[in-house]
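Note that the chains are named A, B, C and D in the order they appear, and that numbering of residues resets to 1 at the start of each chain.
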Amino acid sequence: MSPVFAILAAMTLASAIAAMSFRKLVHSALSMILTFSGLASIYLHLNAQFVGLVQVLVYVGAVAILVVFAILLTRDSTRDSSVRSLAKSWLTGLLVAGAVFGTLAAAILGSRALDRAAPQAAEITVKKIGEQLMTRYVIPLEVVALLLTAAMIGAVIIAMREKEGK
Amino acid sequence: MLGTGIIKGMVETARNFVGSYTDEARLTTSEYPEEKLSPKENARTFPFLVFDTTDSAAGLRCVACQICEKECPPKCIYIEKSKTKKPDYTGKPQLFPAVFDIDISVCMSCQICVEVCPFDAIKMDQAFELSTSDRFGGLLLHKEDLAKPNDYYISIHPSEAREVDERLAAEKVKAEAKAKAEAAGSASEPKPAIAPTTKPAPAQPQTGASATPAPATT
Amino acid sequence: MNPLHQYLLFSALLFSVGLAGALTRRNAILVLIGVELMLNAANLNFIAFWRYSPNPEALNGVMFVIFSIAIAAAEAAVGLALIISIYRHYKTTNVDEVNELKG
Amino acid sequence: MDQIDQIFVSLKHWAVHFFPAVVQPLVSAGLSIAALIATFGSIFAITTWVERKALGRIQNRLGPNRVGPFGLLQPLADAIKMLTKEDIVPVSADRVVHYLAPFALIIPVSLALAVIPYGRNMAPVDLDAGVLFFFAVGAAAEVAVFMAGWSSRNKYSILGAMRAIAQMISYELPLVLSTISVVMIVGSLSLVKIVEAQNHFVLGFLPGWHVLTPWGFAGFVLFMIAAAAESNRAPFDLPEAESEIIAGYLTEYSGFKYALFFLGEYWGMFAVSGLAVTLFLGGWTAPFPFLVWVPSFVWFFAKLGALIVLFIWIRGTLPRLRIDQLMSFAWKFLLPMSLINIVVAAVWHFAAGWSFPLASLWRWVLCAALVAIPYLSFGRAMAGRRRFPKRVYQYAT
């Protein structure tokens, strides 16, 4: 196990657990940002530079800010901070999550297909990614563009303030 | 066209930038400790007590009536009356303040004490360099610090002081006439001895105008 | 245990943390954060498999992650818009209280 | 001349070769970081002095003139004052977040400084996706601003933070889109390659800078407007408007942490100006062929200084915008203009293949028209609403 990965994984996991267990929503959101940055550094460690930077740009720059805005707009954290913040079925949820992890871990550890060493790191330039996006993956790209437009319109319509008369 | 206003504004500021180096008259500020602008006539900071003659104790116009103390909104004036009396400018025996303190850290320069004073004894000062290293004692001004001659008042508020002096002179003339009439009635009455400052001219010094101070009556 | 196992185990752990959060917390925003964590765990799997695949030049994993990030961004935007709209209706973001469909 | 041009590069090589080969990359990185911090620290000090002096002169005042000759030691006095002040944390503040916020700003900003090429072979890190890296770490600065505003537990702070985030998100779009036109033309996200693409001379004497093309000029203007908003500079300084929300998210900061925020904001401005120099003003390239002998880093820092002076000049000239004006300006003017600019850049790219007489002239005229016509119609649409009476000013003629 490389020490870089160990440190990054520990930091990412710790902040993920923190994000899921803090009482204050803003603290959760800030830990989530740390988790995303940790994942981005793991991508960089895995030689996926472009993906790592896109991860920071999209998750830290956009998704995290959206979450923070939603937290400030809903203002639920101050009201029921004294009430328990866990759902009624929290024990079931925890058990399900543990079972999922157990299954996944058993599958991973039992698999023979994973026993292979890393090949020589490929030189992945942005140019190559762009060329692939414009040739082989051009239809998914267009579909994603359409999806993003639809999502933008949908989000605007859903969050739009309803008219007073209705 | 969009953006021409911005260009115009930037040219204007550039002209200011260059102009401030070439044209001294453009500089709107002065360098304070070396170069002081004299305050405007109506400028005011904190109150002071006016006295006539050269003696700050005997010539004090204040009669310790305590109206200003009662009217002061932030209650920054503290007065103790004297046990004895002394004659005022018309010669009438009056009380005088044994203690007159103004806490200028509390005073808000509202000028209400000046408005209510029936004796024109308290006026607004223009001194502003009052900072001190002593936060409590240094900002509590006593009678000795507050008493300033009428000349000083004339020098800082000339037109206002002229009105006050004319009024006081008129009052004094009236009081003297009354005293004369009373003296004609009964010659045994003592004659008023103290004279107020009567010179109406603002710039003129008037130390010579006052008569000899009268002995304090018991 | 070779490095690929570590990445996969780590991502499974991250997935479970996100799942546990999404199932146990009451606040809808936290549920959304849990879902995002699960998505990210899946993305990490793609990158790890791509890195350890015999032919990294193929860029399949990277492409998948790029599309997945784009979709996750859209999903977050729509999800948060829904949460805000629910908050306007019910004055709460508690998923336990929002348990009936209304027009 | 090459020795002087490469003096810092060879100095670093010379210093690094004393160390064993294992730690050499580490030492090299450390030297780059030290050089960056020293350079930008002193540029920061000089900029604060220049800014105060210039703003004073623009307002017909003298500016700082007490500490040292011409007030030159003013930054030093400010630094001493800042560092000896009491560090006040509000009672109800979220202490940990309040403490971490300045560092969350200064770290991404100094990371952004690391990808800019300061001279020939003088990029501290040459990333293949340098532009992307720059914007990715720039996005992290928004989080720092939010942390500062939220943790202070002050309504002005949270107001300032909300304004800052809304503003940064809105202006990041035109900033990135105006960059994309350059990336499209050069065909690379690497800042080093972008500079090299501009290192030639048109017609033998004009520099091949992007700013001298129609799409490049429009892109440069759009980029600078968005950059001023991104770095919270006047006239887009609403998040820290002293006169309306008492410095916004900085309200509850004092002493060293305030100084760090201040430093972070200025470094952000330097970073984004450095990016503008790299993308549009040719980076370290010389403006004329006969000036090529001047060392490359001199050109870079001269251009950087010019842009900083431009920012100060704009700050001294323009009043602050209202928040609705700010938003509608970003979404209704900058965004469509930068989208149009991308189209113009594409036209420019394909018109390079024309082969009839005077093709390059026609290409230039066509692209200029494609930029100017939407600009003029936008201007007409925006100015058509209201007419203001002529304003009078003491020294206006």
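Basically, a contact is a pair of C-beta atoms (placed from the backbone, for glycine too) under 8 Å apart; a residue touches a chain by one contact, two chains touch by 3 or more.
If you're wondering where the values come from, they're calculated on a predicted model, not measured in any experiment.
Student: Going only through chains that touch each other, how many steps at minimum separate chain B from chain C?
Tutor: Minimum number of steps from chain B to chain C: 3.
Student: Which one chain sits nearest the middle, judging by mean Cα positions?
Tutor: That would be chain D.
Student: How many angstrom between the C-alpha centroids of chain D and chain C?
Tutor: Computed value for the inter-centroid distance: 35 Å.
Student: So what's the Cα centroid distance for chain A and chain D, whole Å?
Tutor: Whole-Å distance between the two chain centres: 30.
Student: Taking each chain's centre as the mean position of its Cα atoms, how many Å separate chain B from chain D?
Tutor: So the centroids are 57 Å from each other.
Student: Quick one: report the Å distance separating chain A from chain B, using the average Cα coordinate of each chain.
Tutor: Their C-alpha centroids are separated by 74 Å.
Student: Where in chain B do residues touch at least two different other chains?
Tutor: Touching at least two other chains: none.
Student: Multi-chain contacts only, two chains or more: what residues does chain D have there?
Tutor: Residues: none.
Student: Multi-chain contacts only, two chains or more: what residues does chain A have there?
Tutor: Each of 50, 54, 62, 69 in chain A touches at least two other chains.
Student: Going by the contact rule at the top, pick out the chain B residues touching chain D in the complex.
Tutor: Per the touch definition, chain B meets chain D at residues 1-3, 6, 9-10, 12-17, 19-21, 26-29, 31.
Student: Please give the residue numbers of chain A that touch chain D in the complex, ascending.
Tutor: 26-27, 30, 33, 37, 49-50, 53-54, 56-57, 60-62, 64-65, 68-69, 72, 125-127
Student: Residue numbers of chain D touching chain A in their complex, please.
Tutor: Contact set of chain D toward chain A: 97, 127-129, 132-133, 135-140, 142-143, 146-147, 150, 158, 162, 165, 169, 172, 187-189.
Student: Taking the touch rule as given, give the residues of chain A at its contact with chain C in the complex, in rising order.
Tutor: It is residues 1-2, 5, 9, 12-13, 16-17, 19-21, 25, 28-29, 32, 35-36, 39, 42-43, 46-48, 50-51, 54-55, 58-59, 62-63, 66-67, 69-71, 73-74, 76-77, 80, 84-90, 92-94, 96-98, 100-101, 104-105, 108-109, 114-119, 121-122, 124, 128-129, 132-133, 137, 140, 144, 147-148, 151-152, 154-156, 158-159, 161-162 of chain A that touch chain C.
Student: In their complex, what parts of chain C are in touch with chain A?
Tutor: Touching chain A from chain C are residues 1-10, 12-27, 29-30, 32-34, 36-37, 40, 43-44, 47-48, 50-57, 59, 62-63, 65-67, 69-78, 80-85, 87-88, 92-96.
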